[in-house]
Amino acid sequence: MNAETPDRARHAHHATPGAEHGERVGVYVCHCGHNIANTVAVEEVAEWAGQQPNVIVARDYKFMCSSLGQELIEQDIQQLGLNRVVVAACSPHMHEKTFRTACQRAGLNPYLFEMANIREMGSWATDDREAATQKAKAQVKGAVDRAVRQQPLEPLYVDINPNTLVVGGGIAGLTAALELANAGYHVYLVERDSSIGGHMAKLDKTFPTLDCAACILTPKMVDVANHPNITLLTWSEVLSVHGYVGNFTVRVRKKARFINEELCTGCGTCVEKCPVRIIDQNFEVGLGYRKAVYRNFPQAVPKYPVIDTEHCTFFQRGKCRACEIVCPTDAIDFNQKDTFVDLEVGNIILATGYEQFDARRVSQYGYGRLANVFTSMEFERMVNAAGPTAGRVVLRDGVTVPRRVGIIHCVGSRDKNHHEYCSRACCMAALKFAHLVHERVPEAEVFNFYIDIRASGKHYEEFYHRVLAEGTHFIRGRVAEVTDAARGPGEEGQLIIQVEDTLIGKQRRIPVDMVILMAGMESRKDARQVAALFGLGCDYDGWFTERHAKLDPVVTMTEGILVAGACQGPKAIPESVAQGSAAAARVAGMIGQRVMKMEPVRASIDASSCSGCRICNNLCPYHAITFHEDRKVSEVITALCQGCGACVAACPSAAISGAHFTRDQVLAQIEGILWDARQPEVLWLEPQ
Amino acid sequence: MENEFQPIIVGFLCNWCSYRAADLAGTARVHYAPTMRPIRVMCTARVEPEFVLKALREGADGVLIAGCHPGECHYVEGNIKALRRFTLLKAMLRQFGVEEERVQLVWAAASEGKQLAEAVDRMTEQLRALGPLRWRQRVLGEQPVARHALEVEVGG
Amino acid sequence: MRYGYYPGCSLERNAGAYHTSLMAVAAQLGVEFAEVDDWNCCGATEFIAVNRLRAYALVSRNLALAARQTNGSNGAARGQLVAPCSACFLNLSKVDHYLSESPALTNDVNNALAAGGLSYEPGSLRVRHLLDVMVNDVGYERVAATVRRPLRGLRVAPYYGCLVVRPGFRERFDDPEYPTSLDRLMRTLGATVVDFPLKAHCCGGHMTQISRDVALELIRRLLKNAADYQADMIVTLCPMCQLNLDAFQESVNSMFGTEYRIPILFFTQLMGLAFGLPPAAVGIGKEFIDARPALARIGAAPPAEAEAAPKRKPRRNDQSLPLPQMPEEE
Amino acid sequence: MAKPTFAMYWAASCGGCEISLLNVGELILDVDAAFDVVFWPCVADFKYQDVEGYPDGFIDLCLFNGAIRNSENEELAHLLRRKSKTLVAFGSCAYEGCAPGLANLTTNAATMRTVYTDSLTTDETRGNLPQPVSQVPEGEISIPVLYETVRSLDQVVPVDYIIPGCPPEARQIAAVLRAVLNGMPLPAPGGTIIGAGNVALCEECPLAKNVKQITRFYRPYEIVPDPGICLLEQGLVCMGPATRSGCGALCPQVGMRCEGCYGPLDGQDQGARMLAAVASVVAAGGSHLDEHAQAREIAAVMDTLVDPAGTFYRFSLAHSLLRRARVADSSA
Amino acid sequence: MATSASLSRTSDFFREVVAEAPVDPRLEACLQCGTCGGSCPSGPDMDHTPRALFAMIAAGMRDAVLRSNTPWYCVSCYYCMERCPQEIRITDVMYTLKRMAIKAGYSAQTSAPRAPGFAQTFVDHVENYGRSFELGLITRYYLSHRPLDALKMAPLGMGLLKRKRLDLSPRPIRQIDQLKAILDRAREIDAAAQLT
């Protein structure tokens, strides 16, 4: 029965599977000590395999992966003229590479090797010797039938453009950009906001060392701005990405600032004189004000302001021009238009960060309804010396100093109604807040309401102890609600935090003046669009998917696209910096190779069989398929293809084939694996 | 138990999640029914409906397709492409009289060895309850015949 | 608009005012409530405490009857069943939801129902609360257009209680913690709505029978909160809430030495009054705490706006920090 | 020297193939001149005994149209195979079962019920079903036995060539006949397809093709398609992408979706391939949805594709991987 | 979601509770965060907060759990279920524990001794008439369970009667036999399930 003709039981000379190939297969069944041999009758499998068509030699051996085992294969290839090798042993994820290399040493193309996983998926998964042996035979037969149809393949090589794009100017992106620039490679850093610095620029102190955030961040920002190897594109967004690893073309839109950067000295007179004052929902997270022409903060990098056309009187009503009048260098340009630049880069590092969970969604905590409930980011701005209150801890009236402050952990995190995951950084930030309240308001009492204190980092636990020693109250229990409905005289005019103190098993009502909600991190609202733009995956929560959570955390499944920082999952500053450096190192390593070797498991289209139906055209997540209008055929750009096979399965005329997973290879494996379930060879049927 | 019907399941496992899940099940010595015969594919999106029909025709009692959870596909959303095909295939197989339990699509992350093993066990039980499929013998009613029948007929 | 109507035991007698007023209001709005023939008790919160399967069978008999009597009417394949009592609404929608989730439970329930020649397919009915129908199907516009005597000057505390907004198995139409649909409905009628932070807190439910002290404390909190905001009355949408706050108000006063006299009315009673119906037509007079003094405010010459309520928002000054932006209500 | 001999037989089919053969026009006269017709029940009165009397291999060219539906069809298939040097499966029925093959989705009993009792046009009070054997005054007569499973010709006897199509296009038949008449060599026999292309139909189809995003499927009567644009893109399940070319894409050009009568490309399962292709371009179940919503949204679109088996296997069911449905009384 | 395998690692009592719940209560997911105990209106009066009770169930403390007043003090406000970060069906667990306490004969020994009697009286009425009959419920409950408290309730009863908010006789449903047949069958199904 020929795998290529599913329904034609007619070619007598094809009765023996694979016979027409005349291939010479060697089968090697591994004992893996007792690991396999205890459950699978390995000798029986080997002997049986030796009787199968195309099999020239079949052996069983104690440890196939040992150097002696490998030599056995190499000898047989050379002495018996084997041109296909099947090893029945452990998972290919364990030793496929080992055996491929052995084949290659003996002069056999590594893609003519196939593995049958009879350990992880055989002997280790059952005690039933008979069934395990039967299953092992089926797997071996499948592998043999598949192997005779395998084709020699050669790896692909692509040139690497040494330039890199970093998307996002937070601490992760800045770190990555600086590392690469210092290594001598050119970097384009694209930032959506008007200045770089990200969330970290909003912070006052950083845990656990209580370093001033600005003191450690601003020098890096200035380095980036002045580095000869860095092209900084703020107030800019990536519009499209084309190409493949080593050769991406990226189109970036530079939004109009309405400030001529050539002329602007960053003196700030325009900001000062602008008559429009609005609440700053972005940098000040709603706690402070800014002008219609503004910079996020005085040390913003770059120093140029930007005009907010939605609120600018001139853009709304055609009058005012105060900024234009006061600008000493005539840098205001109301006619500026968006511009577009195309960048050629070899690798892209995404460091697009996170957003803070919207605390309004946990309505029992009253944020937005109860004035003196604040979010953690509001509080960060409040304690920041450069923030709206110049660092004073006060209630919403801007005057009253709170005597009792409640800090509620896990707002939107560890909660299946919102986000099941832990946001990692909030426990430590809450401890930092407790410390800062004590520092600014020595007479204040602070209550931390927590489920678990997660202080697992260098010097984190020590910081927790320090805050404990400062007299902060810790009440173990997730807060049920925050209310201003007093039950009696002792509660009038205060915010009441109702909670079960789980350590004493009693419900408590703690009156406070101020509540701080430790709102967790969530993925950016447009994370999915960004992921689609760059061709990578997102998990259910919208975090970018890395290639391997433990062993490959900064690389994605798309070659040449890397991730760093909180866009991959909640992270504090140290981990974000570490990832930024790691991503830069990976890119530098790749650039150093100049060319890149890629697995040849790729799809290709037989132009003579392609009917031009265009079914496959939008199936590729990597945009590897193009359609040639002139010839009416589609083509796979090999370097872009990652080998998933989605298009191969979809092609209605089977004109697309996926190397190493071809249709006839898989169909043959199906037949082989079902050797004992299939009908004995049927040729012609008697009348019914 | 000796004579209990032992179904045969062809398992298409995606290289990144489910194949690793099955590896993990073995590594953790999770014992499950030895009924699933694995075929590794890079992604569930590579699984052609034709593979499923082929397996059913060639004697499998069931087909299990296992991939990464939605949102976790290493090829962005190959698993959703598989789900689209699988949904339509299931509707069609219903017309062919193939019970729903015989062809299943499950998600198993690389860490979910136990879940995958449970899926195999569950499916094995379901197939035991349904009985063998053995398409060519039981549906097409094919009987093996001697090869010379052909030679006699064509030879003239 | 035609709906299947499940009044529940309370509306037959103790909350008769609710039934009378909602029927009167429905007639004004052109909504038809067709009572499910021969319905039985939903089991309240007690039945389920004694036997699981019998409780589910008890409720399912109502679902089965309602599905048979309403499905397919007016061409809609999936009939709608309206319950004005929050506990009935919860029990009906919860049983429907859990049956959908558990085929085994459905199987057992249908086996039991078969003994009475009935069966029920989960999900085949849409169970709604009366408030949901009023604000989402009838709509504020239609209500506003029907108002003849706006409740100007009447300060009402809208009280939702628990089971309408929580746990929201199938028909969640408002925030479970801080609902606002009844607030808006009352404003539509012309009333002044006071802030009522405890609007979705518990009235004590059956605790009046189990632990009087616990129950009276729960009722006291609600009365105090409404009194703190100088509400003329509390409007409810559940017979149990009405009964507890109304009939036990004197007990609260004697236990805590308070002097609350806050009338408790059903929201449909206020709708009827605003539509110009005479008080008797909407069951006014059956309440323990007399509502008439409060209702005098909306008589022929409504009194001037009541004295200013305490400001909840903090005093603003130059140094005030901006308040968080909230999405526009309405 | 005697002229070469020609035969044509009509098994389970509609007769369209014979008409299509006559559609070759005047060329039929050349056929008549070149061949000695020895068996063609449709046009001349031959008896089965005549054929039985021929020596084996007597017929030089035999065009066999129709599927194997009953014992008579099968008997003749064996007989004609024995008597013919070159046996051609002519048309979709002989090649792959075609419309008669759709009976494989159900049982004979159900088919009989539909035809003889349940159909609105039958007088159900009579309820008479054809009986295999009947007693009449003249004695016992029998009719052929209806098989439970319809088969293609090549599932019964070896076939040398296949001319696909329902019916085969006259232009393609003419080309083959001309080649034979002119003594041009045919490709090696062995179930070889002749008279058709080797690429899918879309290649011949002049409609403009774009990237496809289907949000619901339509049956032909439900919409009037935009002319000039690929029908599949418009939600009509045009089988062109999975169907062998050769007809010239006649149907799509007049706004009618290809139903797939030229069958699959070499070695493929037409229905499975088309199913994969169609499902791949359904735009539903994006990653912004949760798992359940994805499944629901996808199922909702797929539900609009009525009768997938009948749509994808309208012609090739009997020759497909599964060949027939599994019904309670179909197992042997 | 609890699987048969994961359940096998829990206490016998834990499994009993899960089996008696109408749908999977997801009890094994409890983080012990206390949101339930903090939210509970009658939490301060409970012997154990719901959270503590769940820890006791996990620890297999059958007696202490079934004797606790906690389930009987549940007012069914569903705040806990709404807010639970693990989506545990807390209110259903409370109902489940009440049933188990009655079945195991603990109901009289709970520290909420009045509650089971009230529930049982209510159920009897509904089973007999198909609808609740408040006067009968109150009188029978108080006379049989709390004769001394009956006087306290008298003013309320009189007030309800005066305002025509109380019926003097029950109003049975028409097809009470049908309802009884259904409930009897349910009882049989339950009994059969207990045997297996």
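When the chains are written out, they are named A, B, C, D and E in that same order, and each has its own residue count from 1.
Throughout what follows, a contact is a pair of C-beta atoms (placed from the backbone, for glycine too) under 8 Å apart; a residue touches a chain by one contact, two chains touch by 3 or more.
Just so it is clear, the model here is predicted, and its values are computed rather than measured.
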{"item": "Fewest hops from chain A to chain E - one hop per pair of touching chains", "value": "1"}
{"item": "Given chain A and chain D, the chains that contact each of them", "value": "B"}
{"item": "Chain whose average C-alpha position is farthest from chain A's own", "value": "D"}
{"item": "C-E compared against B-D, more contacting pairs", "value": "C-E"}
{"item": "Centroid spacing, where centroids are CA-atom means, of chain D and chain E in whole angstrom", "value": "67"}
{"item": "Distance between chain centroids, defined by C-alpha means - chain B, chain C (Å)", "value": "53"}
{"item": "Between chain A and chain B, centroid-to-centroid distance (C-alpha), Å", "value": "31"}
{"item": "Residue list for chain D, restricted to those that touch at least two other chains", "value": "148-149, 157-158, 268-269, 273, 276, 280, 287, 290-291, 320-321, 323, 332"}
{"item": "For chain E, residues that touch 2 or more chains besides their own", "value": "79"}
{"item": "Residues of chain C engaged with two or more neighbouring chains", "value": "177"}
{"item": "Contact footprint of chain A on chain C as seen in their complex", "value": "175, 177-178, 197-198, 221, 224-225, 228, 312-327"}
{"item": "In the complex with chain C, residue positions of chain A that touch it", "value": "279, 281, 286-289, 360, 363-364, 367-369, 371-372, 375, 378, 382, 388-389, 394-399, 481, 483-487"}
{"item": "Interfacial residue positions of chain A with respect to chain D in the complex", "value": "4-11, 528, 538, 540, 608-619, 632, 646, 649-655, 684-685, 687-688"}
{"item": "In the complex, chain E residues that touch chain C", "value": "20, 22-23, 41-42, 45, 71-73, 75-79, 81-82, 91, 95-96, 98-99, 102, 112, 114-116, 118-120, 122-123, 126, 130-132, 134, 141, 152, 156, 159-160, 163-167, 171, 173-175, 178-179, 181-187, 189-190"}
{"item": "Residues on chain B engaged by chain A in the complex (per definition of touch)", "value": "6, 8, 10, 19-20, 22-27, 29-43, 45-51, 54-55, 57-61, 69-78, 81, 85, 117, 134, 136-137, 141-145, 147, 149-150, 153"}
